[in-house]
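Naming follows writing order (A, B, C and D), and every chain is counted from residue 1.
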Amino acid sequence: MNKNDRITIAYIGGGSMDFGWKFFSELAAEELYATVNLYDRDKQLSLTNEVIGNKLRENPECKSDIIFLASDSPEEALKNADIVIMSISQGSLEEAVSELTLPEAYGIYQSTGEQAGPASIIRALKTLPEYIQYTELIKKYCPEAWIINLTNPMSECMQIMHHIFPEIKIFGSTNELFQTLELLGGLVELEYGISHVRRRDIKYNLIGISGFSWFDKVSYNGEDLMPLFRKYAEKYYKNGFELHQNEYKTNPLSSANKIKFDLFLRYGLIPAVPDRIAADFCPGWYLKSPSVINSWKFSQTSVNYIKKINIDRSGRVKPLMSGTEFLKVGGSYDDCVLQIRALMGNGNLITNACTINSGQVANLPDGAIVSTNALISKNNVQAVAAGKLPDEIYALTIRHVINQSTVVKAVIEKDLDIAFNAFLNDPLVNTDLNSVAELYKEMLSSVRQRLIYYC
Amino acid sequence: MNKNDRITIAYIGGGSMDFGWKFFSELAAEELYATVNLYDRDKQLSLTNEVIGNKLRENPECKSDIIFLASDSPEEALKNADIVIMSISQGSLEEAVSELTLPEAYGIYQSTGEQAGPASIIRALKTLPEYIQYTELIKKYCPEAWIINLTNPMSECMQIMHHIFPEIKIFGSTNELFQTLELLGGLVELEYGISHVRRRDIKYNLIGISGFSWFDKVSYNGEDLMPLFRKYAEKYYKNGFELHQNEYKTNPLSSANKIKFDLFLRYGLIPAVPDRIAADFCPGWYLKSPSVINSWKFSQTSVNYIKKINIDRSGRVKPLMSGTEFLKVGGSYDDCVLQIRALMGNGNLITNACTINSGQVANLPDGAIVSTNALISKNNVQAVAAGKLPDEIYALTIRHVINQSTVVKAVIEKDLDIAFNAFLNDPLVNTDLNSVAELYKEMLSSVRQRLIYYC
Amino acid sequence: MNKNDRITIAYIGGGSMDFGWKFFSELAAEELYATVNLYDRDKQLSLTNEVIGNKLRENPECKSDIIFLASDSPEEALKNADIVIMSISQGSLEEAVSELTLPEAYGIYQSTGEQAGPASIIRALKTLPEYIQYTELIKKYCPEAWIINLTNPMSECMQIMHHIFPEIKIFGSTNELFQTLELLGGLVELEYGISHVRRRDIKYNLIGISGFSWFDKVSYNGEDLMPLFRKYAEKYYKNGFELHQNEYKTNPLSSANKIKFDLFLRYGLIPAVPDRIAADFCPGWYLKSPSVINSWKFSQTSVNYIKKINIDRSGRVKPLMSGTEFLKVGGSYDDCVLQIRALMGNGNLITNACTINSGQVANLPDGAIVSTNALISKNNVQAVAAGKLPDEIYALTIRHVINQSTVVKAVIEKDLDIAFNAFLNDPLVNTDLNSVAELYKEMLSSVRQRLIYYC
Amino acid sequence: MNKNDRITIAYIGGGSMDFGWKFFSELAAEELYATVNLYDRDKQLSLTNEVIGNKLRENPECKSDIIFLASDSPEEALKNADIVIMSISQGSLEEAVSELTLPEAYGIYQSTGEQAGPASIIRALKTLPEYIQYTELIKKYCPEAWIINLTNPMSECMQIMHHIFPEIKIFGSTNELFQTLELLGGLVELEYGISHVRRRDIKYNLIGISGFSWFDKVSYNGEDLMPLFRKYAEKYYKNGFELHQNEYKTNPLSSANKIKFDLFLRYGLIPAVPDRIAADFCPGWYLKSPSVINSWKFSQTSVNYIKKINIDRSGRVKPLMSGTEFLKVGGSYDDCVLQIRALMGNGNLITNACTINSGQVANLPDGAIVSTNALISKNNVQAVAAGKLPDEIYALTIRHVINQSTVVKAVIEKDLDIAFNAFLNDPLVNTDLNSVAELYKEMLSSVRQRLIYYC
């Protein structure tokens, strides 16, 4: 590799202490020559990350040669970019809290509210106007760049970008299937006495939409893992099963996999998302009330947990800036850097990706954002033909696909009444019509200042 | 017309005092030479109706020449029939009561439970095995006959018949759109000072499924009625509107049309079914609780009302048998006899009908039972190409279409677990999974003796 | 009927001595109050027809009250029209001759060249620019009018109108299925000893595209006529069969039905067009050479025949203008006036019509112009759901559907190279590529002055 | 790799001196432990190949450890196979000659007649009955094996196997796109002064059907090659272009790429097959007559050429059996051995493959055999979502897809009349119907003894 091949990565939302730091760690673990332009609405955060990122070069394990630069404007960040990372937050902690808790007064409980549920619609309404602006800048300043989207709601964000700039080169990157892969890997280890089964060794066919995708084929070393999963599902349907017992009690991102087992036994496909994400896409089956949630052994996103994490991270800022602590090299969860390298020509990568549908999920409409395997190679991303969703999973899925289009249409037409239809049809929103209308008004009103686009 | 053209009508469920008597009245009002074979599981009822029907000939207004004969077996009734009326009841009053009330303990309220809602699934599970038997007899004894189905759940009943005998000549006859047509007629009278606007003078395009169909075009004398309907919908959205004020308070089959207005304002199409039927197809928007139902100004099917009607009817049996009272001639609500006459060659009839989809509703799957206009002529029924459902109505509808297929599949495979999936996905069934499972078990258990087919 | 209901019919191409006179005859046969605005590029012709039409009122059998007025401009003709008849010729006799004969030098024989074959493409290229202008005037001067198109190529003409004015109310009227209906009627008479079987008494399901449509169900008085047709097809496959023996030898519009029999025996559906029209849509099966044409017992459009007809008609002009001869009242072949009356509210009419596809032919693409039954009622035209074309007929048909779209695209983009692709893919155009290119150039060049739109 | 991993490859048609010897060469070039069971209808040929194959082990460059065994029966060969190679010849040289030359008397010239054209239909009729037998044996003796089909007509062969054994694991392997890749590689070398551009370095999206597939995206090292191809196509459209000048004059498998250029300039996609194969799929554009063929600078399959090759090969048998000559190690054209290794778990392979469609070509019907990229990994083959064919290429393609289904249906129903419909609809078969019928009879009669299955 030649130093002249230095590429430019624009990172929109580059002040992040969460995905941002993980991304820096991954960048450091690969042979890569790049300039990373960090843009964040909060300039201070991107300046901080510039320092932290550049300090990482002093970590002796660092293999890459990356220069981090905080940008003053998105224009500056995007100009001539080869790769654009889109990973922006959707508002303050206070907003997140109200989006999750306001519906609870109406008996509507959400798990994450990120890609389904009433909170996800409010998020989309806040985020998409901003996305319109970024997309127009991309079209102007780096139309040939590859865009990797990580922001939720994934489908709505990607659809609006396609709408504004139909020729955009884009895919969505997500790690939401890794938890199921790790579970499968763990089962292989337990059952066959093999150790160190890596996530990458599990082969699968992925089919569905972001947040609600499935494995309809899964194997390890050529051996079908469906029977193995069935064995555990049947045995542990009642009580759940964890690789690390009772982890779900302390780690709100974890679960006892009861929802996976339940969905699998009912539909025959393995959910390729964490229980808490799948729950948001279903009717109130798993989220009817706090006690129901508890009985399914998973957790809602907890405000206290978020606060605690934020405090932990803030505490690391000074050490990381001063170099008394380094970000680690590698070890992250995401495949984002591998995807960038494949796009740059480092061999073929078969990975999961969200892409705009044109047959890869044969019974979802063209233009939907779908989640399948994809083949990433130099300047090319191509979805694998994943086949069809079974009828009953299709019925659960098509509602969300249409709801997502409705939300995007509402944003394009600047019409919050259109978005109300999506709100009303969300499977978790199951109360009488007048109550729903009231809740919608309250939720909009709580983020009023973020919705001037619609006035 | 020639007396030699006497046709044979087999009436399965012919002991009915409800549709049966109305049907006899209609038969009497047209020039028709026919033998009507009455078959009923309860032989006594068909014998009674034989007498009542034959007495009708003594009514001086009677125009037809019909002989009613109670049959000992369905075989006897069906042999060489030209027309088969399928209109059977789905169990005792007690069963109907439990199907409507058991779910209420779980916070699930139904309006009629006839074509959607948990009760409709239990009904299908009870009714379809019987339908399989009848269809096999039709295939054997009158394969060329036209079958007119009136039994609910309409879609499931028709699908199983198609499954057993794919060449069957069949359509579903329903009057559920007449209420909306009468409302529209009433608006025309009010607005334009015209009197006696008949239902048949309203022209429309009908699109949807049985129980959840819509007008996307409607006119009177060439004039578009959509703006007129919009005017009333907007004006009376809050308080409702009735042609006969406050009728909804005393007549549980009536309503103040608030649901029609609400659905119209949201989706732009006019619901072609009574409010109470539409409510069953939606999430809990209108049926969340008794007070919500009340605020939408319609009623659930009331057990006392049914009882009262049954008592009224029973009281008429003796007078009708002895000839001290006659059934009236004509004046009924249904188009069934007109449809029979058109099939026999009395000119073309354009009417609504339920048919198996092969493009008439372009975005519902082939094989679904759909509700559109149809052209009935001699030995021919042909649906009109109704176009596409708008996306958001499609999203509400496709759930039911898939649920109906699931129920039919469950019956074919004799597997009540498959039917549970449909139960679980019914939009009104919105509680946690374990409660749903419990409710399903209870409901099945309450009709245990009717489900031996599945053992 | 009230004289105040006088309607305005704009007749574009109103100088015609062919369809024009027939249309006048039909108008005279029905109770109708109308003003007919005649517009023709050749003003003299429309002035002549004004006189001839108005003279018809003096025919004592005339039932209508029609005023014919020659218009100076299409604007004048179209202003406030209720109905627009589009029936324009596509050029001089000389042009027609060259369009049919030029390809013969390349071994390409056409039967009519009106809707398929190289001549039809040249016709479309000449006609569609004019259609664009008329459509813009319709949009401006009578956007609520119903347009009845008779001009060929039917599909291309209708598609361009839809393209320019998507809300246009339009259907295509054609009599091309009447010949098959008359044949069927004749067979019924012969076989069952019934006399006077009228075309309207044959019931059918029509499916296909203009010029290449089929009956997949056909009955008389409820009796399936397919077996009867099969009997004749099998018996007369070799030698052909005519109701009037050897008519085909003198009447070039007639045939011995050998092509109908051949297509029926191969595909199982009855061609609903004359042999000579069907032949144009197939590969060279029936049109490979003059002797092949001869052996199939039908004729190409003959220049001498056209000339003779034109001379006959011209000879009648004076007598008709002076009133020494009247056009007859009624007796025409077309249903156009019945269609107009149905649109005006005189009851429902079930008739064949060309409409833009939205499911009525379930396996042809949306937006294609298809030929099916339709229901015409007051201010409404609705196609009947005709089902699917069988696979092998689909394969023959889809080529034309795509070719038609290509031609329309060529006109929209003013690009004669695009149209060459359609030319090249026409089934009759089967020679080597360079010869086809040469032929295309020659044909374009022969109508050069009509193609300035593309410069 | 472990010697215990020895796999079993059944090679049906294993007596081949053509693909057989190339396959042996490839096997020798990879680290592979395998037993190859050679079955051939002509036992002598498989015995010869057993000796030649086993001698190859003495070639010092040989890397694999393969034992070749001639099998007495297909059962013996297939028993417990991991991989089955299907590569059978379709009859004698004499048959091949007559299949190509008989139609010439009717003015129908074919290039190869292997996958389209009248000869291909006769081949299918001969080959598919044999394929039915093999498939039943596969189902019985090695249902878990992966089948790699190389026999033409590819689509028909694969469809019948799917029909007989729907769960079959199968894909089609073809090298027909390599010639276009080499041309593209050569252009890169010429234009950019790079040397040794390997076929594998060209990245592409492949879409279409076997024998008629296309590149709609193609790049080298991330650079789009479409503009480069356009440059050559425009420059050399008239005279053609070859990497090795005038090779086409001596090598009948070669061409001056004029057809590729012509199709590309008309449709915008690069044909991914040799000119001579593409020509067979089009109407007579390039095959109208010997002089037309000549002017397009390609050749029909030449009988003399085949004879010469056969003589050359026969001459090598003795030296190869005695070990005075060895088959070379590697250097072959096909990817078959790489595909086998990938199936066995040696990493992911992205390669072209023919697979049964379920969305990978979004506008071809499910169940068609399509040609796209695919991802081969351990015990898994998955097509890449290739998108849609452009309308005009779709129109050329769908005819063949339907024709292929018709042929397969004819075989299933043992009905040669059904196959005649496919024959009649072949784009090259463009003469009058009676001549086509006569030709069909002649061709069937010339291979009468191979068609007893249909009696």
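Just so we're on the same page, a contact is a pair of C-beta atoms (placed from the backbone, for glycine too) under 8 Å apart; a residue touches a chain by one contact, two chains touch by 3 or more.
It should be emphasised that the depicted structure is a prediction, and the values quoted were computed from it without experimental measurement.
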Touching chain B and chain C alike: which chains?
none
Centroid spacing, where centroids are CA-atom means, of chain C and chain D in whole angstrom:
46
So, what's the distance in Å between the C-alpha centres of chain D and chain B?
58
Please tell me the distance, in whole Å, between the geometric centres of chain A and chain D computed from their C-alpha atoms.
43
Counting only residues that touch at least 2 other chains, which ones in chain B make the list?
none
What topology does the chain touch graph have (line, ring, star, complete, other)?
ring
Pairwise, the chains that touch are A-B, A-D, B-C, C-D
Contact footprint of chain C on chain B as seen in their complex:
203, 205, 217, 219, 221-222, 345, 348, 350, 358-362, 366, 372-373, 375, 377-380, 382-388
Per the touch rule above, chain B residues touching chain A in the complex are 262, 266, 283-289, 292, 295, 391-392, 394-396, 398-399, 402-403, 405-406, 421, 424-425, 429-436
